[in-house]
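One chain, chain A, appears in both complexes that follow, with chain B as partner in the first and chain C in the second.
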Partner chain A sequence: MSLITTLAQLEAVRTGRAQPAATVRHRHLSAAPLVFVPLTTAGEAGAPLGALVGTDRDAPHLLVVPQPRDRDLRFGFLAELADVVLPYLEAYADAVEPAERTERDSGTGARVKVEVELCADAAQIVVPSRAGVEYVRLLGRSTRFRRTAEQDPQAPHPAPPRVPLLGRWLTHYGERARVPGSSLLLAMTDLLGRHWATGQSTLEDQHLGALLAWIDPPAGGTGAEAAHRAELAREDGQLLCPPAGPATDPAFDNKLLAPAIERYDRARLALAGAEDGLAADGLLRALTEAEREVRDLVESRTRPTWDAVWRGLELLRRLPEGARVEERWTRDRWSFTGHRDRVRSGEPPQPRRDDAVTAANKLAAREREQARLDAQEALDDPLVMAGRRLSGEAFAGEVVDVVMTYSEGRRPSPRPLVTVLTDDRPHLGERVKVYRSLGGRAQTAEFVEQAGDGVLVVRIVDKMGRGKEPEPGSVPEKGDPVCFTLFEHEQRGGARLPEPEDTPWTHGGPPGAEGAVAEAPDAPTEEDVL
Partner chain B sequence: MTAETVSAPGRPEFDPGAEAARATEAILDDTLHGTARGVVVDSPPGAGKSTLVVRAALELARAGRPLMVVAQTNAQVDDLVVRLAEKEPELPVGRLHSSDADPYDRALEELANVRTSAKAQDLAGLPVVLSTAAKWAHVSVDEPWRHAIVDEAYQMRSDALLAVAGLFERALFVGDPGQLDPFSTVGGEQWAGLSYDPSAAAVTTLLAHNPALPQHRLPVSWRLPASAARLVSDAFYPFTPFRSGTGPGERRLALAVASDGSGPDRVIDAAAESGWGLLELPARHTPRTDPEAVRAVAQVVRRLLDRGGAAVSERSPDPVPLTASRIAVGTAHRDQAAAVRAALAALGVSGVTVDTANRLQGREYDVTVVLHPLSGRPDATAFHLETGRLCVLASRHRHACIVVCRAGVDDLLDDYPSTEPVQLGTLVKFPDGWEANHAVLAHLAEHRVRWRP
Partner chain C sequence: MDKASLAERLGAPAPFGQSQFALTRGNAFEARVKADGGAELLRLAHEALDRGAEPPARARLPDLTATGPEGRAARTALALREATAEAGSWTLLDHPMLALEVAGSPAFLEPDAVVVHPDGRWTVVEIKSFPMLDGAADAAKVGAAARQAAVYVLALERVAAHLAGPPEGPAGAGAPRVRHRVLLVCPKDFSNLPAASAVDVRRQRAVTARQLARLTRVEDIAAALPEGVCFSPELPPEELTAAVEAVPAAYAPECLATCELAFHCRGRSRAAGAVTPLGRPVRAELGGLTTVDDVLAAARGEAGDPDDPVVAALRRAATLREQALREAAEVAACR
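And then the complex of A and B:
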């Protein structure tokens, strides 16, 4: 953790309120994000209990599985979820704009420009916490290989038609969320934690209620008190502020949920054993009543979180968007469009495991995005830059002298020496490269010498035009404020890896070489069918 | 397991030269005449890895097999080029470099048979071409090289090997398994346990897919003195022990000026006497750039130079003066290194290498001064506990190593047992950093000088 974050946290403790960790918003927020607040069943991996989902703060869709271990009810839930999520995604998939992309010609290997479609905007899903992101991934993994009755008429438990497609999209979103700086799938706790520093640990910041309490405490109280209350206060043994899920509070599970589900089970059993129509009518009413009870319970535990997520969005929207956020969102749009194209071209679902080449490509891309994000956040936000300056990775100051010198060689180029007066203490060594933003592009200089306490001399080496004299505005003048960073602003493309079918012997050769067959869905086990 | 097993009573006297030569012959035999596509060589610190690489390169070149050499940093590549040219000035050597400014050491331009280029085509046909893994990854060829040597293969990431493995048919992989593992700046847990986990070490992936490859190890450290080889072997290589090439007393450090009784002088005396010294400052939680500890490191270096140290070793019959260029300071973090550099400058010292463990890998000095990675910390994270970090810092010296540390690190270790999650399918590395740290601390405690600055 950086020194400046620690400082902000100490200040948060002292003042009792979260302190800003950013002056601009570093993530894109869609005008109409889809908020998804899932709950899961304790002790049963991947068995959803219910969810609130939707794009309208005042009218969420409530989805409930009254008996989470019932496979048909679970599929019913997933089908309902698909009915909400897929139309939302598809609305974005159809609005496109023309764009250009460089591709490698498969024959010659030359780079060629191709006209392609790019979705004009992309769908954004917001979940309450990091565990919610993990749950999206889990739902994706458990549904994308399912077979529908149409795909496999013999399947004993065919999935509803659109559920595997939902699984593929959720998988894509879950995977994209691992890319630093991406905004397709966001966790509210991460978003708030990025923009505010609270007086509690990062682990405690995972509690959405407590985190919001620090950032936006109720009138008259401190954030610390409100956070304490959000985490622990109970009435009749139940938490006043339920956890953001997907896991629920054990006291809720034991005291309220389990009895309600049991009543539902009993009512269902009674209805199945009804002997005549009149009795059945009464029993059906009892069943509906029991189901409504579970629904009410689920709603009572998701609604506070739902409101908290929207409150968080409201707070974040008050911050102006960082200048380079749009560029990163464009990458998200490319990612969204890419997945849309794969789905439309009839490609199979994402494999269970990445092959060697895909894994290496993903890791390289994520490292590149991490470096890009770190640089862009600092360039967009003086507060973030202050943190980098404090850790010796950048320095800001005033130009006190500019001396024009020229490079040696046949065509001398300008190499002005710029003297900067600064209070920062960057970790500079001989000929270390430093960069400053010049109209959005990075201009490179190299460190020459320290000419006194806080007096640094750098030599500018590029972005001054082709002539003997530098282009106007390309060299800072005496009195100008400047900020140089020791980190690069733009990321180079990585190495080109072989195609998966050319995986070398060191990495096990091409996938499937040892007679492996294409990924098949898991065979249903006894436990799957209750 | 201890190094005892190597020289059990009744065995003939251990002859380091003969042992090392035997190992080298076996490696070269497998490389030149073996049938396996790869040969893996584990080398402890200072065991003549570079010498082996140069020798293997020359033998392969003599056998008429076009060879590419992959190293991890430009400094390593340049170093190998210079060594090759020293050994065989007539051999044409290609140095493939990046298109950045100053991509290689200017010293290469003095070498008549070394050709440098940023394009692989310009170097086609040369018997040996050397470059970094990063640069090789951008090269594409129609016909792969017959042979490759991958240097520092344990510091290479699996994905970097994936990018270059298509360039060669067979390869010799050389590296030190005890040094720092490669790392990635983003989480790779998603692939943990896969045989080709891209953030794992290249050798791990290679051996997971090719378990039958011949594996060798170099048995003798020529760098480490007898006083250090035993500890480093026990603490960091418990299952593959090695010995020092020199015996006790063959390396000596003498000081012309007598001690003034201060902490730094006393710890220098302890280190000159035994090869190890621990300068222990009072226990305290401090920021990373602990000003007292940093100053203490600088003072030790200053006194080392002031007291006219001279090193006696097998290299020359006469004592060699201990100059600034033969001293290094090692730290865990870059800001600590920067703080030490500033403190040294304030004491008027220049020419001493000050760097982090990552950057000191593969380097060698007469005396090293180490700021202990856990000194003054309130917690012990995986980064600070990493076995390789301590191993690098404790194995750069030919004569003596002086550690500067706050008291209480042993308690800190006990408060923070390693809690890294164990992933299915991944090899658990032994020894873990926790245990290695304890082993080193226990040994250092015998050479402790307490000092309140």
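And then the complex of A and C:
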């Protein structure tokens, strides 16, 4: 974290309000994102307790598992979730625009352009916190290998029809969330933390309620007080601002949820043992009542978080979108389209473990995207650039002199020497390349010399056209403000990796026989009692 | 001392607690792992740690019940000695009791289990209820489990040194060795079937050993306190606060995850205007400037030595930040 953010944090402590850590919005926000606020059962992996999900702030779908250890109820929850999430995803999958993609011809190895479809927009899912992103991955992992009755009539506990498909999509979103700068699956705490600096540590910023309190304190109070209240205030032993989940507060589990689930279990048992229709009627009423109680409890813990996420979206929308955010979103759209195509062509679900080539590719992509994100955020946002200037990775100033020189050779090209007056102290060596943004593209220059305190001379080497005289506007003039960076604006891909079928033996060889066999579903668990 | 009730009396109750769902699940899983005389647990230990040894067919399961922690610790030491002397078979100690000196006073520890291998070496077993998904578990949780196991390893080493110490043992039976690879047992994927993995805790063991050696002894802390200080939760909150203030504390956000008094210390640290509540890296970045007021004054040029590199960087940062915000405001005004 740069000293500039630290200063912002200290200002926040002093003023009691969060301070801007960015002047533009660095992530794409969909016009209609799907907000997903899941809750999980403590101590169980992949046993959801309930969720609020939907695209309408005023009408979320409430999904509840009244007994999280019951497999059928859990499947019911997942089927309902699939009924909400999949139509949302599919609506985006069907609206396409034509696009071109460069592919390598498998025979000749030549690069050829191929006409393909690109989804005009992609579905965006927003969860409250980073733990929520992990939970989406976990749900994806727990469902994508399930078999439906149609796929495997012998399966002991067939999953509802669309659940494995939901698992594949959630897995894709969870995986994409690991790519820096991607916006398919976003955590609200990360989003807010990126754009505001609060007067608390980044650890405490993981609490959505407290983070939001700093950014948007209630009238008449400071953010610090509101954050403290959000973190700790309790009534009857229950937190006033429930944690954003998916984990619940132990006090809630023990005092409210456990008794309610127990009542539900008892009512179900009683109904199962009902002797005649009349008694069954009453018992059914009791069961419905018990179920409603659990539903109310789950809603009471998710609704504040749901509102907080939407409030956060509202605050973020007030920031203007960064200039290069759209370009990164296009990459997300490619990712979305790619997964859509894999699903449609009937490929099997993502494997439990990636093969060597896929894993290496993913890692390389993440590194590349991180570098791209760092560069683009700085170019989009003067506040981020200020941090890079402070650390000596960029310098900004005014052009005080331009001297035209030419390269030697048969066809002399313009190589103007530009003298910049700056207060910055960049780490420059001789002939170090520097870049500036010229109409969205990077123009390269070489550092020539330091002509005095804060006086730097650079030689511009490209983007001036083909003629002897540089094209108008391609060379800065005296008095122009300029900003050069020491980092590149565009990221070049690394060396190409071999195709998976050419994996060398040092890396396990081509995915062979065991890879060809479809991954087996998880063994049924004995936990599913009742 | 009961720090939790102390924190409650101070008006900053600890946020810790365990959900009964997690507790039930954890206990059920541990019972399952240890069921049937620990057959499953020993099978996992054999598979993950000691494939060369004889498969555990008939393991010994000594009774470790005794009165009081001292009694149980002594019983455990005895059982360990017997098991080690009887080489060639597997022994499982279920919930043994170990003593370890922490800051000059004894602390009693209860690992989930300790396995004695046929070669007479000992392994600590940690049973956790977080899942091992496709062979990998949450790194943070594994790290915490490794640190916990490292303390048990240290305590076991003390027992081992003790057993080897007095010359009464059979001649030639060298000191029993504690293995530095512990067995971590977790539920496999989404099931409650156990999966085990060997975790090397040498590094954690070294860190803990160094920290234990460096800890200020309790007597020294007590000696530094004014006469008559008492931490009884029955005292009125004002007196209690004063008593707690008498003990120096160095709050950092990491405390929140581990200490019952963290919220109290955080409140005090914030009230004092310290920068550490923002995080240790922030504190490290600011050199000799430790309070919010000092830093802001230095950044504004009202105080501080301009030749100090930290002060110079702060001023530069403040100027750049102001410039950038002004620039953004101008752009916004044009729109």
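Here is the rule we use: the second predicted complex is superposed on the first by the 519 of 530 C-alpha atoms of A that agree within 3 Å, B and C clash if a C-alpha of one lies under 4 Å from a C-alpha of the other, contacts with A are read in each partner's own complex, and residues count from 1 in each chain.
By our rule, a residue touches a chain if its C-beta (ideal position, glycine included) is under 8 Å from a C-beta of that chain, and two chains touch if they have at least 3 such contacts.
Please read all numbers here as calculations on a predicted model, not as lab measurements.
**Q** Looking at chain A, which partner touches more of its residues: chain C or chain B?
**A** Touching more residues of chain A than the other partner does is C.
**Q** Would you sort A:Ala359 into first (chain B), second (chain C), both or neither based on which partner it touches?
**A** first
**Q** Which holds for A:Ala272: it touches chain B only (first), chain C only (second), both, or neither?
**A** neither
**Q** Quick one: classify A:Ser142 as touching chain B (first), chain C (second), both or neither.
**A** Touch partner of A:Ser142: chain C, not chain B.
**Q** Now for A:His507: first (chain B), second (chain C), both, or neither, which partner does it touch?
**A** First partner only, chain B.
**Q** Could you say whether A:Ala8 touches chain B, chain C, both of them, or neither, answering first, second, both or neither?
**A** In the superposition, A:Ala8 touches chain C alone.
**Q** Just checking: does A:Val432 make contact with chain B only, chain C only, both, or neither of them? Give me first, second, both or neither.
**A** A:Val432: touches no partner chain.
**Q** Applying the document's definition of touch, where does A:Asn254 land relative to chain B and chain C: first, second, both, or neither?
**A** second
**Q** According to the stated criteria, A:Met385 is in contact with first (chain B), second (chain C), both, or neither; which is it?
**A** After superposing on A, A:Met385 lies in contact with chain C but is clear of chain B.
**Q** Of the partners chain B and chain C, which touch A:Val114 in the superposed model: first, second, both, neither?
**A** Neither partner.
**Q** Which residues form the common part of the chain A surface touched by chain B and by chain C?
**A** 353
**Q** Going by the contact rule set out above, which residues of chain A touch chain C in the complex?
**A** Chain A residues touching chain C: 1-4, 6-11, 13-14, 20, 23-24, 41-46, 138, 141-142, 199-204, 224, 232, 248-251, 253-254, 258, 320, 352-353, 381-383, 385-387, 389-390, 423, 522-527.
**Q** Give every residue of chain A touching chain B within the complex, in rising order.
**A** 109, 178, 180, 353-357, 359-360, 362-364, 366-367, 370-371, 391-392, 427, 431, 461, 494-498, 502-509
**Q** Help me check something: in the complex, which residues belonging to chain B touch chain A?
**A** Contacts found on chain B: 37-38, 101-102, 134, 137-138, 140, 158-163, 165-166, 184-188, 190-191, 194-199, 202, 205-206, 208-210, 334-335, 338.
**Q** Show which residues of chain C lie in contact with chain A when the two form their complex.
**A** 12-13, 15, 17-26, 129-131, 133-135, 187, 189-193, 253-254, 256-257, 263, 270, 275, 277-279, 281-282, 285-286, 292, 295-296, 299, 313-314, 316-321, 323-325, 327-328, 331-332, 335
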